């Protein structure tokens, strides 16, 4: 994608203010809602199975974050995905730390059996767990490089975060620019990438484009955050940077990266 | 109310440090607790029905935020309101996004049938849903003007946030100053207005005064936040501004607005 | 402990990146996760009883925060402590507001009957409630001085926060430096002290040392935060300061305090 096309997605988010329904986790819920709102989207974070179908029907995009899984969350996620199949809504699934327990891995595999189309956003460790169906037990953040398989399922796109973000789909893949080592490991930025992917997807409807735009927008914001003098300031700068994705500086940053 | 009377309420919050029990939602819990503490109040955010009655009895004021509703939250809210009726404690009910699902709207209507006195804090869309008993399905934030009915119930006061905040009670209403269009749509500031209203109510015991003081304090803080360079900074400034509500600058701001 | 020994603990946290599993509460979950990450630790905040045993086994340290108690949290905490007994993992229990309700106090007493060894982190009011087995009903934050008993149980260390932090163990106690009155009462800093204690404990394995290091690191960060111009900035500075605990300024601060 050209930098202008990517920026256009963020401009349209601010213009159209899509309603993004996210099943969050309590650790990163505030950051994800703040990040969506900083972009101009409207977050709605319902959790009860009792209202999932109605909420999904009014949303422009949906993000399911499986952090802090519980039986109620499993049920809510299942209802969301079954409704998504009927309603054909853009959906992003984020299998947070799915290699950490049998409970998590089984939940993700069950949700992947529902025939929805959309984006799976995970780090290398999480995607490896899913593809190999095995526990890695290395916490939420991936610490080593994993070899991932090609996608086999039509209509599912993988956004894999890592030192270099990758996008995989049936029949192809794309590696995005390599990032420098991060100064700050801000909690919830993996979840926020999933949220932003959902906002982009609600605009472009094309999963590969949404994944690429979100990964670049997030990489820009994280790079700005790393210039801060401490963790607290870095988190503030991260949200400030998300306010700027339709401005010239993001475009210049993308061009500089590509030269 | 005179600016001095409004400021006196915030001065007394800092002096008396009221214990405010809030049933929060996970998205705005931190912001609401931070905002209450920035004012000098002491937040306590219990959620389990098992301890609701005891907690309500020791609180100086209570705020029920119905965002992220679940059956457990419905039960906890019911117990709070029934205890409030017996104990005559200041209570604020915030029917977050109640027009978004049958589950939410039914929960609010059931809670409104309990004969408690106090304040309902909602945006135009939420109050419209309650008064018309119909779903609006437009997300958490109200986007269009709605015509609201007068209040018919003695002892209940409505604080309706919007471009101009309004206070409605049986037999009357008051429109507060019109706000400019916000630069940042900071997530949870509607919930925070409810929390602050509870803190003011615990001091003044008079619901119309509490609603007016809270609406003005919040309008001041939001106006300061809008001067920031990005969403992250805006959220920081918002909390900084709440630290200042007993200072001369808030008094000057109120006087300037009224001239 | 010498300042150099305390700083070494924080240096090792950044070097070893211990995986800290914390059962959080929704109000302070983000602050605790951010604080742990600012120190260089890796937070994991699971909540479901279904995965507690597996998660505990992979963690380097565990923190149980009993704020916002529910029956599910009681069950998860019980499973954690029973697993800790078998696995001999460093564990910190934080009985948030345990004097506020029968439900809380009973939960804590039941958890204390499990024969785990480790640290109990509480304020004076909470520890008094536990030792006297009585309700104090004064909110989350302690407001008056309480006389505490000596510890009677081998292998349990008490870290009691107050105007002067104290560490109590069977046969002894140590009073840390007296703090000035705080300017800002930042919500969740009690929970954060528990989280940091868990991170220190995962490194040193010696509970008294962990308690002392955490109390000093937190006192430094809170003192920096108090220099800020408002509550919002104070919270940012608090997290910035936690990024600096392996730097010379923290060492200088400890030396200045001790001269």
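Lettered A, B and C in written order, each chain numbered from 1.
In the analysis below, contacts are C-beta pairs under 8 Å (C-beta built on N, C-alpha and C of every residue); 3 or more make two chains touch, one makes a residue touch a chain.
The structure presented is a predicted model; accordingly, all values stated were derived computationally and were not measured.
Once chain A is fitted to chain C on CA atoms, what angle does the rotation have, in steps of 5 degrees?
120
Mind checking chain A against chain B and telling me if their interface is mostly the same residue numbers on each side, over half, or mostly different?
Looking at both copies, the contact residues mostly diverge.
With chain centres taken as the means of their Cα atoms, state the distance from chain A to chain B in Å.
About 32 Å separates the centre of chain A from that of chain B.
Could you pull out the residues of chain C that touch at least 2 other chains?
26, 30, 235-236
Would you pull the chain C residues touching chain B in the complex into a rising list?
25-28, 30-31, 67-71, 97, 100-104, 135, 137-141, 184-188, 229-233, 235-236
Over in the complex, which chain B residues touch chain C? Could you list them?
Residue positions touching the partner: 19, 24, 26, 29-30, 33-34, 36-38, 42-48, 50-51, 54-55, 57-58, 72, 235-244.
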